[in-house]
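In the two assemblies presented below, chain A is common to both, partnered first by chain B and then by chain C.
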Partner chain A sequence: MTGNENVLEVRNLSVFYSSYGAQKKAVNSISFNLKRGEILGIVGESGAGKSTIGKAIMGIIDPPSYATGEIMFGGKNIIGMNNYRLNKIRWNKITMIFQASMNSLNPVQSIRSNFISILRDKMGIYDKSESEKRIDETLANVNLPTGVKDYFPHEMSGGMKQRILISLAMITYPEIVIADEPTTALDVITEYYVLSILKRTLKASGSSMIYITHDLPSVVFTADRMIVMKDGIIVEQGSTEDIVEAPKDEYTRKLVSTLNEVKN
Partner chain B sequence: MRLRDRYSRQYIAKRIIGTLIVYIAAVVLIFVIPRLMPGNIAYDFVSRLIAENPHITYAKALNEVEAEYGLNLPIMNQFEIYIRNVVFTFPPNFGTSFEYLNDPAINIVMRALPFTLLLIIVSQIIAWGMGIFIGVELALRKNKRSDKTSVPILYLINSTPIFWLALIMILVFSLKLHILPAIVPFSYGSSITTIMYGMTLPIIIVVISTVPNHTLIIRSATIDFLKSDFVTALRAQGLKDSTLRMKLIRNSILPSITQFFMQFGYLIGGIFIIESLFSLPGMGTVIITAALEYDYPVIEAGLFVTSIVMILSNLAADLIYPILDPRVSYM
Partner chain C sequence: MNNLSSNELVLVQNVSKFFGKKGNIVTALQNVTISVSQSENLALVGETGSGKTTLGRITCGLEKQSKGKVLLLGKEINEYKKNNLWKVTQYIHQDPYGAINPLETVREILERPLRFLLAIKNSEERNELLREAIVSSGLDVSYLDKKGSDLSGGEKQRILIARAFIVKPKYVVVDEPTTMIDFIHRDEIIETLRAMGNSFGATLLLITHDIMVVPKIANKVAVLQTGKIIEYGETMEVLKSPYHPYTAFLAAINPQKLLGNKKIMDYLDNYGQNKTKIIGTDHGCSYAPLCPLADSHCRENVPPLMEASSNHYVTCFKPGQFNF
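Here is the complex of A and B:
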């Protein structure tokens, strides 16, 4: 499945957060590539800058914070792109799955309206029966009954919300999906259920995914390749198997040893 | 959950009982307050009668008037009659006006009510709509120059007394520019166009003086939820600007709906300054005239209708909220 063509090239990406005059480098000059159809895991403790990478790729880092370096997508640099051009990439080409624990769905609108605004604005589908058909299809892909489209976010469980977020991200058949801790709030059984649904839908659409998490076992389960981050820098990257078999860095070794302890 | 399921029967019953309690308290206060005022209604009434008809003897007239209005009865009996006439009669009977004899007080008030409601409802719908629009726009421009200059101006207008604003507006639009009338050219039964022409300036004044309040509340509510996760998610979706804005407006309506009804209740009691400035024949003018003329039945009827409108608008605010916010259900 994994090709050799890079869909996303990140070069020397740095992100600076500033608040009340103080500046903090959240991501420090990192570089990596994402290949077509590949699942790339980004692991690290909280505060390592994982989520920031996702935000930088979506172009939602708000001033006075800013990013430098290059995020090349389709031959163009996402950093420094204006909102108009970013909006043509956002959700058409690159989508994002937010944490379920984050309240990422509009609380006062039904699931249907969440889908409909994307169908209208991003895919130009205004026809009612056509959009209903699309919503039913995409809900079926994540094993949800079609009745949930009338629900409001607060009426659903964490696992259901998470699957809604996945189907929202997959409905436009994007080239890249950024999943930011998509299963953090879920129990282990639901977590692997959701992850296998995610893998299946990715395979069906041929999309690549950047899978951001602090949970190493789920990366081993999901990712083809992985990046280990600590304090804003990449300490190790390579295929998941290689890293788990023979971690080179001190931090990675510690991380992998927790995995082995669980096994034993 | 469907809309109907968001209201339990128990909640509605509770809310209606609460409303009834407030209603009864209002009715009792309306009986008590005029009787705590200094002076004697009958003396005043009789001296006015004598001024117009010098042949009447004072003592006899006083007895007759007291008997006619039941003022010689013990206070508990008066209260009983009052309750029977106000609570158990429809329309409530407050007696005839002292000023316009033979005209029931409640009729005088009910004739004035539509003008006040027209002024308040139209101005508040406009002010609320503008408040939502401006508030969301300012929140999106937070810390930019347009926001930084607008907010002090809004506070300035918000703290400007409405009567002063009205005088300035009359000075400019009526006396200098001669566009709009300074005194309303209509009364009960005038044509719609005349009424709208006369209403324009009062409505504009109420709109100007209430827009800042709505705007500031919506602005700060919007700033709060712009930081929330779902807005970040919406922005990542790269939706059209208009779609995003509609979604923000939809959310910012929630904190302002209570404000809308509170403002409504506040205005129904406070709009009399504008009404009397423009000689607009609304509730405020009627109550003020009645108070100056010691026209007790009309004062009572006026207070009664004002309380009813306030109570109903509070009830509406409570019951409308779950329609707009699916998270809220009343159990």
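Here is the complex of A and C:
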């Protein structure tokens, strides 16, 4: 359940992208906290800077682009951390579920070997029975039969692949999961089914999640608290109920109203 | 739904469609009957594999039905010559990135149907039509000289829309126009489609899995599942009081209803446990394994598409009893 302790504190984060000498500020001095066990939704249109926040937390903003400010995790600032230290956090304490589920799995690698490489490289688990046990357990959490371990990605449907990606992100018992548009390629019922599984798995494990999407209804379904972004700044943040029932900002009001037309 | 009225544009009668060869046949559509009336946009809603795209493609002659009859303006669709067919009906592809040649200019792309389909020899006349189409698609005339590769996704989508409407068709099938676009710009594309349908005098068939866009463009909606129409009626009527439990779920996807709704979580749990059972159910309602209300009557008898209230059809023995 949601505690009061912050797992992640973001202070004055700015991210600058540069290409061909031109510089663009994708994220403009934003601050927020992520509490333990909480699901935080980040909503905004394309180009609002929401995916960039996820990248900054994972430490995958490559030069000449750079980030300034503070992302405090476990008492240390992720920004400016060297790769050796980052790799101890990355895909271990902080994991990510990527946007393009269809392309995120190696087509010539079985599902089992995907899991085993994470367990070996990141957790140092070499024991076969121990790793099998952990794989079965994570697969059961996302409602997949253990037989899918021997499958290759092309043998699975989109919804199954998406659940594999969730379990790949959950197998290290991370403190934070960053999900960047995890359900864009799925149809409505599969999308909400995958989200319900994601939500349940997280609540059971006590991990926190940052859920990045442009789809407001799915955030309302998933998140405890949400951040609305536009052009690199946070226009509104608060609990999901408050934002849906009484949006304060003009832009948020527009977002919520476009989705409620059916009701009226 | 079976009554032929004078303003019927498309009539689909008892159409089935099978894919694959002997021994491995997939049924995409099972005995579907539906009609599209002039100036009454229809939306087909359903999940992947429900047959909505197949039905859409059959109604504009891109796919041939295995059984049944399709009439376009009172004439059997398979009897049309291709050239005449494309003057009456057009199809807008789902993927704007794949449907536009990156090396051609917008002018070349839009001019082709004018030269070869409508055979307009006069270049002044062609230019006039080009300008009209591009402006009403929401772009300005300077776009005519841009190349396909210079356009953003949304702009490509608009060019596709302009290319379909430029021949002044009577009937346009639009396949998932909003999947590639984020939801702020989604409304703009939908509004462009609606406005162009009005001003060019075309009736639209919208294929989508996103029920939120339906009321903005379509007067009628048909919900498909496993190759059958499970609900059909006036859009607002269907969304406000859905009769089928699956439609009720789709209609519940809006912020107010999702907020802390325990019933939706239960429904999804049940879906996860039983979703593989709905394919291959031979007798009874095919939705029964997922339905919270199903009883022995539902499991043994197949519900026909029946008129539960005036002009609101559903394949359910307990219409409207389940709601979120």
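The criterion applied here is as follows: the second predicted complex is superposed on the first by the 258 of 264 C-alpha atoms of A that agree within 3 Å, B and C clash if a C-alpha of one lies under 4 Å from a C-alpha of the other, contacts with A are read in each partner's own complex, and residues count from 1 in each chain.
Here, a contact is a pair of C-beta atoms (placed from the backbone, for glycine too) under 8 Å apart; a residue touches a chain by one contact, two chains touch by 3 or more.
Computed from a prediction, not measured in an experiment: that's the story for all the values here.
Peer 1: Who does A:205 touch here: chain B (first), chain C (second), both, or neither?
Peer 2: A:205 contacts neither chain B nor chain C.
Peer 1: Can A:33 be said to touch chain B (first), chain C (second), both, or neither?
Peer 2: neither
Peer 1: Does chain B (first) or chain C (second) touch A:68, or do both, or does neither?
Peer 2: In the superposition, A:68 contacts neither chain B nor chain C.
Peer 1: Of the two partner chains, chain B (first) and chain C (second), which one does A:143 touch, if any: first, second, both, or neither?
Peer 2: A:143 sits against chain C, while chain B stays out of touch.
Peer 1: Applying the touch criterion given at the start, work out whether A:193 contacts chain B, chain C, both or neither, answering first, second, both or neither.
Peer 2: Second partner only, chain C.
Peer 1: Check whether A:258 is in contact with chain B, with chain C, with both or with neither, and answer first, second, both or neither.
Peer 2: In the superposition, A:258 contacts chain C only.
Peer 1: Where does A:241 make contact in the superposed view: on chain B (first), on chain C (second), on both, or on neither?
Peer 2: The second partner, chain C, only.
Peer 1: Pick one for A:6: touches chain B only (first), chain C only (second), both, or neither.
Peer 2: neither
Peer 1: Taking the stated contact definition, name every residue in chain A that is touched by chain B in one complex and by chain C in the other, in rising order.
Peer 2: Shared contact residues on chain A (touching chain B in one complex, chain C in the other): none at all.
Peer 1: Which part of chain A faces chain B closely enough to touch in the complex?
Peer 2: 58, 60, 86-92, 95-96, 98, 102-110, 117-118, 120-122, 152, 154-155
Peer 1: In the complex, go through chain A and note every residue touching chain C.
Peer 2: 45-46, 143, 158, 187-190, 192-193, 196-197, 214-217, 220-221, 240-241, 244-245, 255-256, 258-263
Peer 1: So in the complex, which bits of chain B are touching chain A?
Peer 2: 1, 228-230, 232-240, 243, 247, 250-251, 254, 324-327
Peer 1: Which of the residues in chain C come into contact with chain A in the complex?
Peer 2: Listed in rising order, the residues of chain C that touch chain A are 47-48, 182-185, 187, 209-212, 215-216, 239-240, 246, 249-251, 253-256, 258-260, 264-265, 268-269, 271-273, 275.
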